[in-house]
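Got a structure here, written out as C-alpha cells. Questions coming.
We just call them A, B, C and D in the order they show up, numbering each chain from 1.
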Amino acid sequence: MGLALMLIEYSGKELFRKYGIPTPEGYIINDPKKIGSVSKPMMIKAQVQAGGRGKAGGIRFGSTLEQVQKAANEILDLKISGKAVTSVLIEERLNVFREIYVSMTMDRSRRLPILMIINQGGMDVESAQEEQVKTWAVHPFVGLGDYIVREALEHLQLDNAPAKQLSEILKQQWKLFWEMDCELVEMNPLVQTAEGKLVAADAKVVIDEDAAYRHPELDFHEFDRTPLEQEAREKGLALVELDGDIGVLANGAGLTMATLDLLSSFDARGRVFLDLGGTDDEKVVEQAMMLMSKAIPKVILVNIFGGITKCDTVADGILAARDSLGIRIPIVVRIRGVNEEEAGLRLKKGGIVAFHELDLACEKAASLLKED
Amino acid sequence: MGLALMLIEYSGKELFRKYGIPTPEGYIINDPKKIGSVSKPMMIKAQVQAGGRGKAGGIRFGSTLEQVQKAANEILDLKISGKAVTSVLIEERLNVFREIYVSMTMDRSRRLPILMIINQGGMDVESAQEEQVKTWAVHPFVGLGDYIVREALEHLQLDNAPAKQLSEILKQQWKLFWEMDCELVEMNPLVQTAEGKLVAADAKVVIDEDAAYRHPELDFHEFDRTPLEQEAREKGLALVELDGDIGVLANGAGLTMATLDLLSSFDARGRVFLDLGGTDDEKVVEQAMMLMSKAIPKVILVNIFGGITKCDTVADGILAARDSLGIRIPIVVRIRGVNEEEAGLRLKKGGIVAFHELDLACEKAASLLKED
Amino acid sequence: MLMGPDTKVLVQGITGHQGEYHAQSMLDAGTNVVAGVTPGRGGSKVGGVLVYDSVMKAVNATGANASVVFVPARVALDAVLEAIDGGLRTVVVISEHIPQKDALIMIEYGRLKGCRILGPNCPGIASSRYGKMGIMPTQIFKNGRTGIVSRSGTLTYEIVSALSEAGIGQSTCIGIGGDRIVGTSLIDVLEELESDPETENVVLVGEIGGTAEEEAALMIKKRMSKPVVAYIAGRTAPPGKRMGHAGAIISRGAGTASSKIEALKGAGVKVALSPSGIPALIIALITV
Amino acid sequence: MLMGPDTKVLVQGITGHQGEYHAQSMLDAGTNVVAGVTPGRGGSKVGGVLVYDSVMKAVNATGANASVVFVPARVALDAVLEAIDGGLRTVVVISEHIPQKDALIMIEYGRLKGCRILGPNCPGIASSRYGKMGIMPTQIFKNGRTGIVSRSGTLTYEIVSALSEAGIGQSTCIGIGGDRIVGTSLIDVLEELESDPETENVVLVGEIGGTAEEEAALMIKKRMSKPVVAYIAGRTAPPGKRMGHAGAIISRGAGTASSKIEALKGAGVKVALSPSGIPALIIALITV
C-alpha cells in the first residue's frame, strides 16, 4: 500500500551525518537535567512528527543553561497536533547568512525522483516566486549528473567554497535518497552560515514503508498516526480516523472513499475509513469490526463488493464480531458479488437487512444517525 | 583507444579477495629463499602476462620445501613468450573435485556485459560441448538478477552449500566487473574442492585502460607489450611490432592496417604498425619517426591522409627526424589531403619523392626491400 | 490494446494461493494462458497449465508474450526483470506493497526493453474478446462498447456492475493500480481506448492524490474524440491522510477531488457524483 | 537519415581547440550549427556561434535537436547525459578514450530516452545535402548517390577520395567509430541507407575485430535490396594484438578479415582487396 515513514528530525540528521551532509552539533534528551553545559546560543526543538511545530511553540532559543532547561521543560509539557512531546533536540544555533531550500522527492507524474532547489528557505518557501524554484528529474539508472549540479550552482550563485560544498551535499543527498528508499529528503532550510559554511538546519526524511524491511537499522518508532490507526496498521489493515459519526468498512480504498463521499450527499460524515482489502478470511473481518468498535462510531456501514472477498464470509465475520464484541449500535450492510444471496440469508437470520443498492444503504445509515 | 590492462594472476586474486571471492591461500615471491615452510601440497605458478604458461612449464607442484624451491628456481629461469619470469606465486594446491568455467566479459555485438558459465573448466574449456556453455546478458541498469543466478545454479546442478556459495560469487563477480571497469573477469577454473567449497583457482582480470585513471590503487606495471610498444604507449602513440621488414607509419588504425595489407600484395611484410592518430604537431611526427627507427625496419613507409593532420606539418616532421636521427634507410612517403602540394615540394627539396597513389607507394617500398 | 488475439499469457507465481485461483479464473474467462512459472516447481501442473522453472523455459516452450505477476512483493522486482529479459511485451503486476524504488526500476527497464508494465498493485485488464489478465471478477462484465480506465479496484467493479445492470456492455476495462508510481498511466490507457475500434465511449474512474486526472483532462481536451464520463472518489477525504494506499493522499492542496473534477469538466467530461450515476451519463451519450 | 532538413546542431565543447576548428568547418560545409555549449563560457562567441553554459539553455534559445561532442573523455559521459536529458535526438560523440562503461551507460540511456548515439570515437556524419556533424574533411566529398558506412576514419577518407576522383559522388557517409562498444552499429546504418531515397548503392568499410561485419552480412542477405561493396582492413594483422584501437583485435580466431570477407561474399557483396579497388566495383554496379 506504500505508506510512508517519517523520521524524527534527530534521526534524519543522524542519516545526514552518515552520508556526510553537515548538520548542527546537537543531541537529543527526554529529561532537561541531562542538558550539558551551554557556552553558546542553542536551539531547543520538539521532536514530534507533526506540522506546525514552530507555531505551536516547539522551537525555542537559549544562551544559558537556565534558559535552555526552561525552554526544554516548557516544550516537554507541550502537545503538538494532539501529540505529547517526549523528546527534545538541543543543538547549536547557526549564525545564518542565507537560507536555501533543497529537497529530493518521488514525483508521480514524471515517475522519477525530482531535485528541487529554491533560492530562499525556511518559513518563506511557500511564498517563493516561480523563478526562484528550479527542479530537475534524476534518473536512477544514471544518477545525479554533474550537469545538474552545475545548473543548481548557477541558480544559487554561491561563492566558490560553498559551491563546492553544495555539489557534495547534492551528490550525497541523492545517494541517501536512493539507497535508503526515501520518498522525501528535505533540507529546509539549508543554511549558509556567516562563516560561509553550508549546514542542514532541519532534516525531513520520509522512507517508503514498503521498503522499511530493508532498513532494520532505522528507528521507526514514531508515526504520524493515531494509536488506533497504528494498531490497524500493525494488523495489516488501513484505517483512518475521521471526525464524523459513521464507521465505514469497505473493501478497497476507492470503494471506501466512494462510500464516504456518498454519505455526505445525505449530510452524514464518516468517523472511520476502514479498508478491508482483499481477503476471504472471516477472522480478518472480525478484526476489522473490532477496530471499528474501538473508534466508537454511532452507526457502522459495511459496503462489500465481493470478488476475492466472498460475501458469505463477510456476513459470518460481521455477525460473529457483533456477538462476541457485544456491538449494540446499528450495523447497515450493503453487500454485492460472489455468494451475495447466501450472505443476505445469513445476515437476515442474524437480524441484519442487507442492501443491494449502495445509495440506499448510505441513505439508511444517514437516517439512523438522525434518529440517534 | 580502449586498450586493456591485464592484471597478473596474483593481483587478480587480491581483487577477488577484496570482493569476497574465495581464492587459494598464497603469496608472491621473486626469491626462492623467501619461501616459507611447506606442510601440504603447493602450486608454484609463474606470474607473467602471457598465454601458454602451463605448456611452457610455468606451473608446477611440490610437497616439500625442497621441491617447491627447486620448482620456483626453475620457473624464475624461464622465458615465457619471450618474457622473463620475475615473480612466482606459491599457493596451496586444491583438492579438486570438479572444475567450472565462469567469466564476465564485455560483448560488443550485444553491447552488454555477458556472464558465461561452462559446466567444465580448466584446460578442457576449449573442447566444451555447446550444451555445456550458457550465457546471460547482464544489464548494468539493473545488475545481475536473482533469476540469472537461479538459472546458473540449475545449469550446474550444484549441491545446496556450493550453490549458495556460487550465487554469492556471481553477485560479487558482477560487482567487481562493473565497479572496477573490467573488460574481463575470468575464473578458469573455479574449483569445487573435495571438501565441497568453491575456490577460484585462477584469476584473469582485464581492466579497460581508458578507465585506469579511476583505479590508481591497481598495480599495472606489467603489460602484454614489448618494451617498444610500451614506450610508444607512454608517448600516446599506438605501435605494434610485427615480424616483417617495412615500418609503416600512417594516420588512423584502419588506414595503417590497409597499408600493411596492401604491402602483402607486393610480397612485403610490415615490421611496425604505427598509428600517428590525429595530430598537427611536427614534434609528434618526429617522435613517431624516433620510435620507428628504434624498430630498425629496412624501409619506412609513411602514408598520410591529411585532414586534422596537415600534410606539410608531416613533411617537416619526417625531414627533421631523418636529419636529427641520422636515418639512412629508404623513406617512402605517400601523402594526400590538406596542403599536399606544399608537402610534396618540401619533401622533394629534402630528397624524398612523395607519391600520390597508395598502391604505387606500396609497390615502391616493396621493391626497395628486394633491392636491399 | 494490451490484450489481443496473439496474447499468450504466462502466470508468474502460479503455484501460490492467489496465482492458482486467478490462473483458473483467467482460463475460465477464455484467456490464452499458456504456462505458469514458479522456480523449483517446474513440471507440475496447475489447473491443466504446465509450470516451468523460469520464464525463459516457459517462453521457449510456449511462445508466451505476456505475463501476470502474483509473486510476493520482495521478489517481484526479480520476477518482472526476468519477464522483461525473457522478451515479454506486457507484464501485469498484481502484487502489492512493492517498494517504489523497485517499481521505478521495473517500469524504466521495461521501457528500455519495449515491455509495457501495468501496475504494480493493479487489478489488471479484462477484455470482452480475449479474456483477462488479472483479478477482475469475470461475472460482472457484459460485452459491449464502453471502455473503462481506473485507478481503483473494487470501485471499478461497482461501476462495471452498474453498467452491466443498465444494459451497457464493456469493451475493455483496465485498472492501472493505486500506487503512486505505476507503469501505465491514465493517459496511456486513454490513448489506447481512443484508437481501439471496439470502444465507443469511455469511463474514467479516478481518485484523490497526484495530478493524473488533471493530466488526463488535458489529453482528453486535446486528443480524445470519443466521449468520456468520469467518477472521482475521495471528495470528502481529509488532507494529509493516506486513504488506504500510497496514491490516495491530498497534500498542500494538490490532489483534491474538486481540482480533478473541475479539470475534467473543463475538458467536456461529465462527472457523476456517485458510482450509480455513471450508467445514466453513458445512456445520455448514446441517445444524444 | 541521422541528418535532415530539420537538424539543428549544437556543439558541446565548442571553445576547445578541436571544437572550435570543427564548428567552423561544419558551418563552412553548410551545417545548421545553432549553438555551442561550454559550462562557464556562456555569452561568448565562436565563429559567429553563440555559446551557452548548458544544453538546456542552448535548447531553449535555439531549438537544437542534435549535438556533436568534443569534450575530453573524462567529462564526456556527463556531456552526453546532459544532451540526452536536454531532449536531443542525435548525439555524435567524437571524443576518444571514453571508458567502455561510460560508453555503455550513455548508449543505453540514450536508447531509453529515444536519443541515437553515434560513436564514441567516431568521425561523424557527412551528408551531401545537410552538411556534416563531425570531423570528416569536407573537400574530399562530391554529391552523389553512394552511401558509405565505416568503422574507420582516415581509411574512409581514402575511399571517399578515390570515389570522388573516379566521378562517383556520395549521398551520406557515416563513421560509426572504432571502439568496441558503439551506439550505432553497421546494421543500424545499413537500415538507414536502405530506406534513404538519396542512396542507390552502398560501400561498407570494415576492419578486423568483433563480428559486426558478419552480422551486417546476414542483414544484407536478408533485408538489403541495394547493392553493397566492401573493403575490410587488417588481412595481415597478427592475432592477439590490438591494432591501434580497442575494436581492432583478432582473438581466438574470431574477428579475422577472412571470416568477414567470406561472410560478405556469401551475402553477395563484392569485396575489394585495396581501397583503390572500390570505385571500380561501384562502376561495375552502375554499368550492369
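Just so it is clear, a residue touches a chain if its C-beta (ideal position, glycine included) is under 8 Å from a C-beta of that chain, and two chains touch if they have at least 3 such contacts.
Given the structure is predicted, the values throughout are model-derived calculations rather than measurements.
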item	value
Chains touching both chain A and chain B, listed by label	C, D
Length of the shortest touching-chain route, chain C through to chain D	1
Per Cα centroids, the chain farthest from chain A	B
Chain centre separation in whole Å, for chain C relative to chain A (CA means)	27
Averaged-CA centre spacing for the pair chain D and chain A, given as whole angstrom	53
Multi-chain contact residues (two or more partners), chain B	139, 141
Sites on chain C at which at least two other chains make contact	105, 108, 112
Chain B to chain C touching residues, read off their complex	137, 139, 141-142, 145-147, 150-151, 154
Residue ranges of chain C in contact with chain B within the complex	39, 53-56, 75, 78-79, 81-82, 85, 105, 108-109, 112
Partner chain D, residues of chain C touching it in the complex	108, 111-112
Parts of chain A lying in touch with chain C, wherever the complex brings them together	1-4, 51, 106, 108-109, 111-112, 139-141, 178, 181, 183, 208, 210-211, 213-214, 238, 240, 242-243, 250-258, 260-265, 269-270, 273, 275, 278, 305, 307-308, 336-338, 357-359
Parts of chain C lying in touch with chain A, wherever the complex brings them together	21, 73-74, 96-102, 104-105, 107-108, 121, 135-137, 139-140, 150-158, 161, 178-181, 205, 207-208, 210-212, 215, 231, 233-238, 240-248, 257, 273-276
